[in-house]
Amino acid sequence: MIHLLRVPIIRREEPAPGHVELWLQSPELATSTPGQFADVVTEGMLRRPISFSRIDRANHQVAMLLQVVGDGTRWLAAQRPGTMLDVMGPLGNGFLPPAPARDWCLVGGGVGIPPLYAAVQAWGTHTASRPTVILGARDQQLLLLVDEFQALGCVVEITTDNGTRGRRGTVEAPLCDWLDSHPDGQVYACGPTPMLASVARLTQGRTGIFLALEQRMGCGIGACLACVIPGYGVSGQAGYLRVCTDGPVFRSEELIFE
Amino acid sequence: MIHLLRVPIIRREEPAPGHVELWLQSPELATSTPGQFADVVTEGMLRRPISFSRIDRANHQVAMLLQVVGDGTRWLAAQRPGTMLDVMGPLGNGFLPPAPARDWCLVGGGVGIPPLYAAVQAWGTHTASRPTVILGARDQQLLLLVDEFQALGCVVEITTDNGTRGRRGTVEAPLCDWLDSHPDGQVYACGPTPMLASVARLTQGRTGIFLALEQRMGCGIGACLACVIPGYGVSGQAGYLRVCTDGPVFRSEELIFE
Amino acid sequence: MKLSVNLPRGLVLKNPIVAASGTFGFGPEYKDLVNIGDLGGVSVKGVSPEPWPGNPPPRVWETTGGLLNSIGLQNHGVEAFCAHDLPFLRDTGTAVIVNIIGHTVEEYQRVAERLAKEPGVSALEVNISCPNIKQGGMSFGHDPDQAYLVTQAVRKGSDLPMMVKLSPNVPSPAVIAEAVQSAGADMISAINTLVGLAIDKERRRPALGGTTGGLSGPAIKPIALRVVYEVAQRVKIPIIGMGGITTASDVVEFLMAGAHAVMVGTVTFQYPRRMQEIVAQLPDELLRWGFSSVQEAVGAALPSKRGGLFDALT
Amino acid sequence: MKLSVNLPRGLVLKNPIVAASGTFGFGPEYKDLVNIGDLGGVSVKGVSPEPWPGNPPPRVWETTGGLLNSIGLQNHGVEAFCAHDLPFLRDTGTAVIVNIIGHTVEEYQRVAERLAKEPGVSALEVNISCPNIKQGGMSFGHDPDQAYLVTQAVRKGSDLPMMVKLSPNVPSPAVIAEAVQSAGADMISAINTLVGLAIDKERRRPALGGTTGGLSGPAIKPIALRVVYEVAQRVKIPIIGMGGITTASDVVEFLMAGAHAVMVGTVTFQYPRRMQEIVAQLPDELLRWGFSSVQEAVGAALPSKRGGLFDALT
């Protein structure tokens, strides 16, 4: 059930330079599954899609971790506790939890990291093994939630393009290592499309690989067909899938990357 | 000399319901003549033309008395002391002072009243007789600056359309009376165009009748030819005159009202 | 206040607020959020005889006061529409307007014939902004003769109330309106989007996957009002006006310019309930400007209603 | 960074920022506020052979992100312009572009001939959005043949560098661009305003004295970019782009879409010094997107520069 809500900001933090995390009080949003998102009114013509970095059902709270990239996120990041936001959600399909007996690994880049954190929070303790988390960024300053993942008991591997922290390079190398040592492992990935394309390529033939995509959106609820990406529909035919309602989380075999 | 200025609001008052008076600190604007105006940046695409209600050369201050009629004036009226406004001015031609030996009368309606008050402030004490001020409004609530005119020693006559204060009706009746008893009197008028048309008709044949007009403006400095009204140019030919630079104050014989 | 609008061939809208094609999906998408039965009507996204794939993403881009879209008329074809979408809409109690598209005159006629057989369709809206693939891709809506032929074919295909939707990308949409009126159109809807483009400086290419896109939203309202105002003086059939409407005040402007009803599009993305809010506010807004019914406002700013004052100096 | 732009027939702009016709008067109006010599050029308001009175007021009306104007090309004629205005501009050190208008082909030619004799004119800009009174008032800019004839006549009348200014109110401005190129135009300027209308609900009539007006400002930027992008692929002559520019970032978009220089209009009313600010910021803005000169950015988003990537999926 999708709701149109006015929800208060109850807490605001700045976890990294240019990033702001906003806690919202909302029983409706707190029913979300990790990977789902909300669409928020800012100042532009369209709402802005933002995932949940934390989902606290017990306390009826969710959080959003924003990177300031343009006018909409700048406006949102400037809001203070007490402000009411105009939010539509929860939207889209979230991640399915890992199969009880299978190992799992999370691969995140940039603002793809927050929904993965929500996933580990939700399932971290009910699974076969503690998950491995591979985080990539251009620079160490852009890494998000490293300590939080560690606090949940995850094995965290870091890569930076410029080598300022962890391995120099992309997430591909540590992911290859992990895949080699976990032949039946499942992967959850969220981040820039080229990263997701790598993950899809490296995991080809496996099942239980979930990728969360981004696309520019219009309506956020499946009506406008703006947010499409190439993939295979229910019929198995190649065509366009909607990130807002068919996703944002897809099984890798549903998607077509060129 | 026209200036592009950032000037601070130093005082803010609410002289009547829906009206706000803002005092600005600016040596440049304080050189203005009564009847001149400034063009202020608000939120729209165009600046908003506003006259000065007070010009205090000694203290380098001017005031603007605003009626809230739309988004621009609403924004301006909401600004607080300390805010810097983006103001262009002084603009246009002001009133010429009355001839030393002639009686004078001021006829004002709505937001046409403030510049007349600036005029009396500037000249009130240097003239043959204390001026008569005829103020018209739809309702007594919309009358501006009555006490202030009286404090300067003016004879104030009031008309309201609904009879809630002073004579019921328009400014025409008291103006006719005044004109009858002051055959050589000069008139200064500012207000809605139909009121100015009446003044022009009733004063036909007289000299020294000054009318301050309003028109929707583009540039405010004579470049776009948006703010025109029908009249006679320097050549004496009928055509369009610019309110922003040929006016806003015109001699009545320059104007054509139909 | 009576808000209902009577249109040709018995089409009745319970109020003059209709969801614009392409912004309200094929029917069920907004059902969690909008009480669809409260709307005057819903015009569904364009439906073609066979499925159309649409354009590559990205498909939307924001501009000042506007939205560019290059959806490219993606739809799963008239059969799927009749099977999966129409049954939902039919039961909502709103007028169901099916926006139809084709690449040839025959394709338009085929969709119209198919829909004529299907219960629950209140009216057809013929979108003539599609490229005519038999005539080198030039839009049907850019040429009065082409527009005439499409309208005539749809008229042959169906007895449903039919409106033809004008493109604003021509010097005189009123000429197209005259052509479709004479070909049997019952109503005009106007306007469709204006062709625009945005640059993605980072990728050094046009921002939209479809290169150009259609501009909608408040930015185009003055153009929409101009088209409605001009068309209203050239045809006798009613006009459904649209383009940039976001408030009840905007609706009154379109009525005064000559529209009998309006469609509301882009604003729904940001405020899904705005159409319902407008319906609720419309009576007060009409009264505010001195109108005691929708009908009274229609054309109130047209020269014919203003007794020749039209070109006088203010 | 080198900002100067070399254009046909020896026209050199010291930078690519030119004041758009009709928004900077006839020259001296902004002299208290703007250092005119810092601008790449000034295009003066349209000049006709005889004085034109213009339209009744009101002549401007704000819209979302845009401005409607119905000035109606008021001007005091070419003789008064040469006597009173040109001498001022000639001495400012900026390129003086004279926007010329007429109601017949002969009128355009007459203004061009008169200006060809006058020292200090850097270029002519032929505004073909005027109604052709010999052909029933249809705009010269809406028909390639009419546009051809006007351009040819101006070419006959003068050897000055000449640009023809396109109307966006046609399905394909590129077709008009091809016509004027073949008639001898040295450059294209684009776009002029779009025809719009506003309703004054209080007076129950169109808001503008001229009924309809021209829409300018950020609202039309996507349409302007589309026209520049399309024209750049159809003609070989340089384009001066405009429509809704308010920042150096906008300028880079127009350059990437294929413009060699730009004109800046409506924003000047609100921020008279914005053009100078843009000139100052342009080098940094170009560097930010990886360009080390104006020339490098020109057409960077065109398919020809993108090695066929153009229609690929993102």
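As written, the chain order gives the labels A, B, C and D, with residue 1 at the start of each chain.
Here, a residue touches a chain if its C-beta (ideal position, glycine included) is under 8 Å from a C-beta of that chain, and two chains touch if they have at least 3 such contacts.
Predicted, not measured: the structure shown is a model, and the values here were computed from it.
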{"item": "Most extensive contact between chains (C-beta pair count)", "value": "C-D"}
{"item": "Chain located farthest away, centre of chain C as origin (C-alpha)", "value": "B"}
{"item": "Computed distance of Cα centres, chain C from chain B, in Å", "value": "47"}
{"item": "Distance from chain D to chain B - Cα centre to Cα centre, in angstrom", "value": "37"}
{"item": "Inter-centroid spacing, chain D versus chain C (mean Cα positions, whole Å)", "value": "33"}
{"item": "Approximate Å spacing (C-alpha centroids) for the pair chain A, chain B", "value": "60"}
{"item": "Contacts with two or more other chains, residues of chain C listed in rising order", "value": "57-58, 65-66, 217, 312-314"}
{"item": "Shared-contact residues (touching 2 or more other chains) in chain B", "value": "none"}
{"item": "Of chain C, residues touching chain A in the complex", "value": "22-25, 29-30, 32-33, 45, 53-54, 57-62, 65-67, 69, 71, 74, 217, 266, 268-273"}
{"item": "Footprint of chain C on chain A - complex, ascending", "value": "1-4, 41, 44-47, 88, 215-229, 239-240"}
{"item": "Footprint of chain C on chain D - complex, ascending", "value": "56-58, 63-66, 68, 138-139, 142, 169-171, 194-202, 204-206, 209, 211-213, 215, 217-223, 225-226, 229, 244, 249, 252-253, 256-257, 289, 300-301, 305-306, 309-314"}
